[in-house]
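Two complexes follow with chain A in common, the first pairing it with chain B and the second with chain C.
Up next is the complex of A and B:
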């Protein structure tokens, strides 16, 4: 079946010839705004990169790998968030779920002596369930996702403090009581000659799988349909409730995965980890061209949005620009992305 | 300028980033003449000596805390004595991941010396170790990473500061004893644990003092106000309250004010910042009975940086403990005046 977003340019073409000439450029700009933005930022990185001994510091393999590593956690969450937002929802609980998952995976291994795989699988399932429950509460009881997940944020952060006993957990590796299995430390390693961080690899894999799920499956089509026009989707036989609940489940799963990665990268779990990550994730999604009204968006855009933010922070830091300005610049980029979308939406409406 | 003993020719290749293939760029590092001489054998720094400029990167844990702002201000003020130093401060924003990025970026920039106050010890350890192993000297300020992969540490002794505050309450504030409450910082943080432990130890000097309530207020004044308000209602006999930082001490003052009990309970704070909103002024205004300075260690750490980078030191003191001072009615005016000059 066809959904609103799968009919793109042809569908949007307005009646007048004059407009038809202008629209494709704007449409391309909006569709690929984050990719274009990322390219711009990368060019900016080249131009403004500090140099030493003729080396462009920004372009060093280490530095580029650092950028991907730095955005991998919020990036993975943003990928999950993309599904929720396309289906017309929002999930504010993700940062707290990250914190909860981190302390849970650490506690299972350090205190209860679990193996790496068992601990990770259980935490991922728990994250999935947490998301599914939020989705169910929101859709079945007809409460706005904003409110349900705001409550979810509080619950997850309370659970995180409870699980950890309100203390941080140092993860030390070895065999025996109070030690985590050394295999868990792999999450903090770098591959391919000690260059590419494992978390970056996971981020890329998650992005690839999610992109296929969104664009190449029936479920993906349903997500777009539900977000584009819920009533129409229901009338055409889609189980709207189920689709929505699953998107929340996927988002919870992504947050839990980020929590596991966080604990693995830091060898440390803190119930307060992930605070505010929901906002960075949502920012990445919005910059990526996904509409907060639902019905349209791409995973690739979100990934580019996350990398754009990470690259920008990197350039500013390499030039010793202070962090306050970084926040302001990020804010301006979000506004710019939203304005671009609005312009496109208005064009489409006429 | 950096004269590394092994001149590095690095071929740098832009990587394909998550499905996005960047144009592959190749840049060759070329060795530039530096004019300076390489460091003598055994020196802690790869490059050192007089007549050069050095970049120092300071990875601060969180600029949003008043104490850390004071550290930054002290460092920049102290840096004026060392024209050869160029200091850059990167804000970790209270987030391990962000601070790790800041450290990685200092490494990318090839700073001559790294200073860091790690937001949390264990998570920052690998990043700091990586810098140290590349031969860049590391001075840790206020908080340490795990293990021994750094050059030197400068900081106060939280346990000792708490203990001194406890003894002050035992001897000076409540010589005849009485009930005491403690407002703790975020319980997952080392300073909160050590200051509280130290205080409990210190008040034992006076057998008539009883600690009747210990509650965390997460370093925050508003939370401290709520918590202390409840404590006062549950234990009307409280005669003194010790707060792990001055912000919470301020919250305690607001709670007292709300119950019209100002003057009936002695407030003891920690930090002793000389800024207008800091604890020293509160002591001067009579809001706090006393506060205990948590020293920034700015002067000591830059002196260490000088001996490493300029004097080509082969060894430095690994641990520099900066002692605390008590701020009471007598010492507050001069501390505030000194900070203004």
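Up next is the complex of A and C:
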């Protein structure tokens, strides 16, 4: 009897037992996949960066600033998207809202002579409302968010063309008719000895506020609960509709903010700006470890995911890898991130 | 086989040689021994009920029988031949058909397509042969004696009919063993009867049926033999006619009455009073039994049990009282602590001090992506936060209270909720409702899928809160549980209250008034 038992334990323990010992490492890997990926990409950047006169091009202030500038726009959107996705939704309209917000803020200042603050505030509120309306349509009329925001994408890009007359709007600074207030140009500046782009500072602030909101507030807990099990959330007394609508509002707000930054950084507004950003943003969220099924995710992961994608593109560009290949590499990374998540989810289920 | 309590096997249907025979089956998961040497056999033409509390090892044994688990110790013989199935498919080919609780039907496809799923007949190698498919389906449905049109879409069928289609699908020509895993769990009383007729018919044709169920009254009705499992062992093999009263102590391992705490004083103040209460759905649904003309009271400190068969409207009544019902219109009145209230949402119910624990833990209760502490605090976040920010300290304290009060067994409050046992998950959900400090607690099947020890914990905790004045209304399909735990029983039938009785009333009488066997021969009696 005793020998038999020993044999059972030694030889015939099911594979799950042996697996379990290795799991913590896997857990850590999944938990910090985007951060680890980011570190990998940064190291890769150092190794593969072209050098000129002994300087590593990747590490130059200008290059890093470029990365952060580019990333901050999709990154801010991705942070907003994180809320929507954790609550179990999706928002495809963000890129178009970015374009609409850019041309609107430019038109308000250039054509209508508005001040910087007034124009920005109005555009942000408009973005928030646009998101809230999409959320309301989706939850109240019970239409999938995918469909509602796909329609929202069309509406926003149509509006963007209407507002701009389907033309670029050049933003020239000064005082008088046809000029934008010089204060708007600040958005394209760099701070702290001409090093850190303003957009990066905004990005970090947005990320910090969002992270606290998601993890430290009642609303954040509700977002997780709604995405994790909507029925349970409702029966626990959570106003599920309101939570969902607010996430869409936040996402619209983030897209509008991105649009304002875009116009400020480029000093012109393009109604087609932001096209395809929704996919980059969703990719950042997924790479960041947020489940598209909802219920789990982190803002920090999303930020790391956005930085990873931006840095990777930058490295490939520095090495003159063509844009098509960049897309392919991005696709593979998304798949890898999803596979890792799947492994983690399966582990949790047992 | 050692160990006491082993009753002698009866010589039921004609001592035929078992078609399936399992000997010395052992299986462990990690360090946990799920099966510790099981002997189990099924004879041709018998209905063999397999009983056990959750965690007793029933599902593991079933999974071995049906091929879902292949690494186990011990021997399984099918018609004398030693077999070890590598997959459910292999088991089915060998003649062991299984109908799992989750029916493996595609809801959007017609019955015929479902019945030939994966082996669709084709014409010219490509095109579906619809006619042949329907013929096959009609033949399969005839075997189970069902008059279901083969063209009907599965989702349009009632649950009972779907169950029968699933059985027809499992029963291939070579099936000699049919395993039914809690087939009656979601069926109405009438559908259960139809299913039993089907099972009896199959028994006549020589199929051996393994019937897994939690309903002891059903077992007595249909089974030829009963095997009772506990802690991975077979504790008894008994004739099918064994009464629930005799089965309970075997299942739980202790006399039924030791499970329940002593009753406490019921106060005079009425907490819940419904008068001629009813609820009409805005969009009527056949599967939602509308409460009609319900008048009942629950006093402070009182635990009232809602007795009723499946489909009697127990769940619906609780949902309607707490505001969790689908959109609809309330009839009559609901008074909480003497004030008439209108409850049209869970939130309004919570504001009136009503706590509700739904019956389907996985579907309506747990948030699988959140940890134990987060699941516990879910309903009471507003109490635990200031200006929208959750106060960690307060939350920790609340979680600690719930852990201690219930004896929740989790490695840490940050453990994943699904890593807990069913009993501990249930404690978390009851804790979630209690953290709001309700006046009235509504419990729907609070011990479904909960192990014995956790059951006792739940009885004890709810009783101790009742002693402090909490009013409790609890619905359960297990009459012995309600009889042992409650201060008063209310019997529901077709959405109406039929009688209001003391818990020590003869169970047969209670069941009769619930409509399970003969119609009630006594007029409704009122007890204070």
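One rule holds for everything that comes next: the second predicted complex is superposed on the first by the 330 of 350 C-alpha atoms of A that agree within 3 Å, B and C clash if a C-alpha of one lies under 4 Å from a C-alpha of the other, contacts with A are read in each partner's own complex, and residues count from 1 in each chain.
Following the convention adopted for this analysis, a contact is a pair of C-beta atoms (placed from the backbone, for glycine too) under 8 Å apart; a residue touches a chain by one contact, two chains touch by 3 or more.
Because the structure is predicted, anything quoted here is derived from the model rather than measured.
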{"item": "Touching partner for A:82 - first (chain B), second (chain C), both, neither", "value": "neither"}
{"item": "First (chain B), second (chain C), both or neither touched by A:73", "value": "first"}
{"item": "Contacts of A:35 with chain B and chain C, given as first, second, both or neither", "value": "first"}
{"item": "Contacts of A:323 with chain B and chain C, given as first, second, both or neither", "value": "first"}
{"item": "Partner touching more residues of chain A, whether chain B or chain C", "value": "B"}
{"item": "Which superposed partner A:138 touches (first chain B, second chain C, both, neither)", "value": "neither"}
{"item": "Chain B versus chain C as contact partner of A:63, first or second or both or neither", "value": "first"}
{"item": "Which of chain B and chain C A:225 touches, first, second, both or neither", "value": "second"}
{"item": "Contacts of A:300 with chain B and chain C, given as first, second, both or neither", "value": "first"}
{"item": "Residues of chain A that lie at the interface with chain B and also at the interface with chain C", "value": "none"}
{"item": "Partner chain C, residues of chain A touching it in the complex", "value": "8, 12-14, 16-17, 20, 216-219, 221-222, 224-225, 227-229, 231-239, 291, 294-296, 348-349"}
{"item": "Residue ranges of chain B in contact with chain A within the complex", "value": "2, 8, 10, 12-15, 17-20, 22, 25, 27-32, 63, 88-91, 93, 95-97, 100-102, 104-105, 107-110, 120-123, 125-126, 146, 187-188, 216"}
{"item": "Chain A contact footprint on chain C (complex, rising order)", "value": "26, 28-31, 71, 73, 324, 346-347, 350, 356, 358, 363-370, 374, 377-379, 381-382, 385, 388-390, 416, 418, 432, 436"}
{"item": "Chain A residues within the chain B interface of the complex", "value": "35, 38, 42, 46, 50, 52-68, 70, 73, 164, 166-168, 170-171, 188, 196, 200, 203-204, 207-208, 262, 265-268, 270-273, 275-276, 300, 303-304, 307, 313-314, 317-318, 320, 322-324"}
